[in-house]
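The following pair of complexes shares a single chain, chain A, combined with chain B in the former and chain C in the latter.
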Partner chain A sequence: MATVQFDQIKKSYGAVEAIRDFNLDIADGEFCVFVGPSGCGKSTALKMLAGLEATTGGTISIGGRDVTELGPGKRDIAMVFQNYALYPHMSVRKNIGFGLKMQGMAARDINTRVEEAARVLELTPYLDRKPRALSGGQRQRVALGRAIVREPKAFLMDEPLSNLDAKLRVQTRSEIVKLQKRLGVTTIYVTHDQTEALTMADKIVVMKGGEIQQVGSAEDLFHTPNNIFVAGFIGSPGMNFFHGTVATGADGPVTRFGETKIALPAKCAAMAGRDMIFGIRPEHLRVAESGPSVGLTLVENLGTEKILHFHTPGQNMLELDRTALANDEERDAQSMLIRVIDDRRYRDGETLNLSFPVDKIHVFDPDTNEVAG
Partner chain B sequence: MTDTTTPHRGRSSGGLFATIDFSAPRHRAKFGYLLLAPAVLLMAVIIVYPILLSVSISMQDVRIARIGDGAEPWTLENYQWLFGSGETWHALWVTFKLVAVVGGLSVIIGFATAMLVNQKFRGRAAARLFVALPWAVPEVVATVIWAWMLDSSFGLVNWLLMRSGMVSEPIAFGSDPNAAFAAVCFVMIWKGYPLMSIMLLAGLQSIPEEQYQAAKVDGAGVWQRFWYITLPNMLPVVGVTLVMTTLWVFRDFAIIHVLTQGGPLGATTTLSILTYEQSFEFFRMGQGAAVGVLTMVLCAVISRALVGRMAKSVH
Partner chain C sequence: MQKRHPLGTFALYATVIVTCALLLFPIYWMVVTALQPSSNLRAYPPQFWPTDPQWNVFADLLAKHPFMLWFSNTILIAFATMTISLAVSILAAYALSRFRLRGGQGLGLFILTSKMLPATLLIIPLFAIFRSTGLVGSLWSVVIAQATLIVPFCTWMLKGYFDTMPPELEQAALVDGCSPLGTIWRIVLPVAAPGLAATALYAFVVSWSDFLFGRTFLTTTDESWTLQMGIASLKGEFVTEWNVIMAGSIMASIPIIIVYLFLERFLVGGLAAGSEK
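Take a look at the complex of A and B:
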């Protein structure tokens, strides 16, 4: 158990900078999740922490000890891989005990520790099977067993759930969190799935293009995103964005959504006359008696909730390529979404009036993509 | 699926095949057999018939085989000679020695070169080509070159050995039994290790990188990773390549024939050379065929092991 520190970590491949200015403190026993789209450098950061990739600059410390130049075996960490990386020719027992064997532990002690780990993970009946005779979920647990049996200073997990089917993923997700809470081992977990990040982490590190975008709890990231990327990435479906000019109305700053004026947070008063990007989450938009009217283009019924799609008014449409959302393939500047949980029936083509709760509107500077005001 | 066995279709195209819809589930198998038939017939003619013929010849007292000339009565004399003569046992012994030396050393050299060119370094593509080169040279051409290089009077090898002071007089690769056997082994390994290397390289590349990474995190050093990860993962491939090399050494004729003609004193007479000697030097076709049949049976047993291994090697 230990703290983990990244200090000015850099990684370049030739002229390409994969990671720059990576500074992060992870507290003892914390569950820290690195999240970001593919190619954002999250796995590289984890591999540098594991010692599987060399750093180009900076220092990494585990438990206050500088491990930057140490090999993976000397860092006292355990790692769980995406495809589990079990040794196919070894039984479950030998797979779990391999790390201890490499440490030169006596066979009897290894066996005790392996059986204890197997008991915790409910793997006892499978100890003498080969990995190929196990299901995906069981293999996953063997990989976890291999990590916990070592009693390392930190667990490193590289997308450990992505090879499981949806149901098992949700189940294993909570098992990992419970296990981590019980063992209290500092854990660094990499995923591209923001749901995993939100549900599991004490601390989330959102990355993009090799840079940390924001570090914080799930609450922080969800309610006070630093920039347009974090705002769009966290949450499912992601935040709606639209474009507008700030004007001064009778009761404070306003902007036009379509032809209708909507009120903006008070801080926008200082931005009068400027073009800004506004964001509002689909679940914060309200169907109302008055307010901007929109025509539904698609109604997705998910049982408890419904996702309503409507066209972003032409003058409010964002030029995605000019924002930090340029590479987000799921994003469509032409539509905005509303997430509703009610008993009303919605039909395609129906016209609704919306209200934009003023305290839920996020304001971003189109030039910097950072939150404004 | 439409039913094309309607009277209309049947009449318009005529013929039996046109009336059967081969895409229908109940006829699908028939179409498969129909497509297989030419290949099966061809194999029967060019593989099965000669095998049967040689088994037949091996049981006749034939000097020069002539087909359709009225077969000799069947006899087991050739097999009595086969198991009774020291020649066969000697050839078997030479063959097994050769298999052991060539197979063993090719695996070691092939493994080492495969591991080498599996590393990332500048000029890896060139190194891979270089490793595979002996395999690309035609066997007879390569052997003729080596025969010249190993020549006791004019050969490059002896000249180098003398110049470097490793030997005081030229090694008689042609007349010293041990030297001749060593020369054959050397050329066979030179010719045989690239295939090993290529197959083992393919095997090495199929080992997931994560297994090595996991082992590194677990604290395994270089040798431990080789012993606990590389070797067990490679065993099926090593098995298959070893059997393939064994089959090749068993049957190879050109290298030994060009280099030593099986001599001196039968030191390099393998079963293949013995077959050739009996059939085309002594014109005892029946005895030659008997040796051939023995070789075939041994190879069949080894092939069976190969197939078994391949089936098992699927994780």
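Take a look at the complex of A and C:
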């Protein structure tokens, strides 16, 4: 068990900068998740921590000891790979015990530890099988067993659930969290699935293009995103964005949404006259008696909740390519979404009035994409 | 499985039987020729089964020629060539497959082109080298000469095999505290066993069937001859005892069959199955 620190870590592959200016402190026993879109450098960061990739600059410490120049076997960490990487020619027993054998532990002690790990992971009946005679879920547990039996300083996991089907994934997700809490071993977990990140992590590290965008708890990221990227990435469906000019109204700053004025947070008073980007989550938009009126273009009924789509008014529409959201393929600048949980029936083409709760409006600077004020 | 049409089954078996017959006929003919006097060879109609098999041809061969010596020379050469070629090409192939070497791609191609050079082209420079190092007449000359041709091809074969193995396997072993060489020994080689067996078989067969290098480097005394040279020497100037030559050939094929039977169980693929998801 140990703390983990990345200090000014850099990684380049030739001219490609995979990781830039990576600084992170992970506390002892913490469950830290790296999340971000494909190619953002999550695996690279993890492999550098494991010692499987050399760093181009900076230092990595585990338990206060600088391990930047140490080989993977000397760092006392255990890793679970996305494809599990079980040794195909060894039985489950040998697979789990391999790390202990490499440490030079006596065969009898190895056996005790392996059987204990197998019991925890319910692998006991399979100990003498080869990996090819196991199901996907069992292989995944063998990979976990190989990690926990070593009692390392830290667990490193690179998308360990992505090869499981949806149901098993949810189940294994909570098992991993329980196991981690019980063992208390610092864990760094990589995923591109924000649900995994939000449900598992003590600390979430959102990455994009090789840089850390924000570090925080699920709460922090959800309620106070640092920039447009994090705001749009976290949450499902993601935050709505629109732009508008800040004006000064009778009761404070306002902007126009379509033809109607909506109130803005008080901090916008300082931005009067400027064009800003505003964000509001689908679950925070409310259907109301008055306020901007919009026509529904699509009603998605998901049982308890409904997702209502409407056109973003023309003058409020963002040019996504000029923001940090440029590569988000699911995002459609022309529509905004409302998420409602009620018994009312909504119809396509229906006209609604919306209210924009002032404390739920996020304000971003269009030049920097950072949160403004 | 889909049920096959009876006609399809018939066609399948017919093809298998015809192919086997074509492949096995020379071996059958070798045995038949060995067991009858040479004069019967030219008989018409040919005799497909010897009425009076002459088993003493094997004893004659062993009595009149240093056949066992040639045999052990060839065994030594083939095993030495196989071992050296494998040891070198495993390391070379692993490096080519796993490390991004400068010019690694070009090197792979270059290795293949060296295989395309005819052996006769290399034989004069090799002879010069062996003469100046005093190796002419030593079995090592043939081992080294063969290895120069076999190593490139084995490297290329093994690289292809290593390329199909997920690098995470070795990374997992490294994280588990295995040393880089230990990783090759404990993980890469066992998992690559089918590829290694195929490569070893190739090296052994090529070495075993060599005639050119032996004929060039081992001419000093008939005690250093290989089987192939010995068998060739049985062909007389005026009369050729084909039955004796074929008896020698039968005995020369036995080691190949034994090596194949030993390696066969590794040749079955799919050993790597189950390492992933």
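The working rule: the second predicted complex is superposed on the first by the 373 of 373 C-alpha atoms of A that agree within 3 Å, B and C clash if a C-alpha of one lies under 4 Å from a C-alpha of the other, contacts with A are read in each partner's own complex, and residues count from 1 in each chain.
The criterion applied here is as follows: contacts are C-beta pairs under 8 Å (C-beta built on N, C-alpha and C of every residue); 3 or more make two chains touch, one makes a residue touch a chain.
Keep in mind the model is a prediction, meaning the values are calculated, not measured.
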Could you tell me whether chain B and chain C fit or clash when both sit on chain A in the superposition?
clash
Between chain B (first) and chain C (second), which does A:I77 come into contact with in this model arrangement: first, second, both, or neither?
both
I want to verify the contact counts: of chain B and chain C, which reaches more residues of chain A?
C
Touching partner for A:G136 - first (chain B), second (chain C), both, neither
second
So in the superposed three-chain picture, is A:P357 touching just chain B, just chain C, both, or none of them (first/second/both/neither)?
neither
Give one of first, second, both or neither to describe whether A:G249 is in contact with chain B, with chain C, with both, or with none.
neither
Please work out whether A:G349 is in contact with chain B alone, chain C alone, both, or neither, and reply first, second, both or neither.
neither
Determine, under the contact definition given at the top, whether A:N163 touches first (chain B), second (chain C), both, or neither.
second
Using the superposition on chain A described above, determine whether A:P125 touches chain B (first), chain C (second), both, or neither.
neither
Let me test your reading of the model: by the given contact rule, A:G295 touches which partner, first (chain B), second (chain C), both or neither?
neither
Touching chain B in one complex and chain C in the other: list those residues of chain A.
50-52, 71-74, 77-79, 81-83, 85-89, 98-99, 102-103, 132, 146, 150
Tell me, which parts of chain A touch chain C in their complex?
47, 50-52, 71-74, 77-79, 81-89, 98-99, 102-103, 130-134, 136, 139, 146, 150, 163
Touching residues (chain side chain B, partner chain A) in the complex
208, 210-211, 213-221, 224, 228-229, 232-233, 235, 315
Give every residue of chain A touching chain B within the complex, in rising order.
50-52, 71-74, 77-79, 81-83, 85-90, 98-99, 102-103, 132, 146, 150, 156
Quick check: in the complex, which residue numbers of chain C touch chain A?
166, 168-169, 171-179, 182, 187, 190-191, 193, 270-277
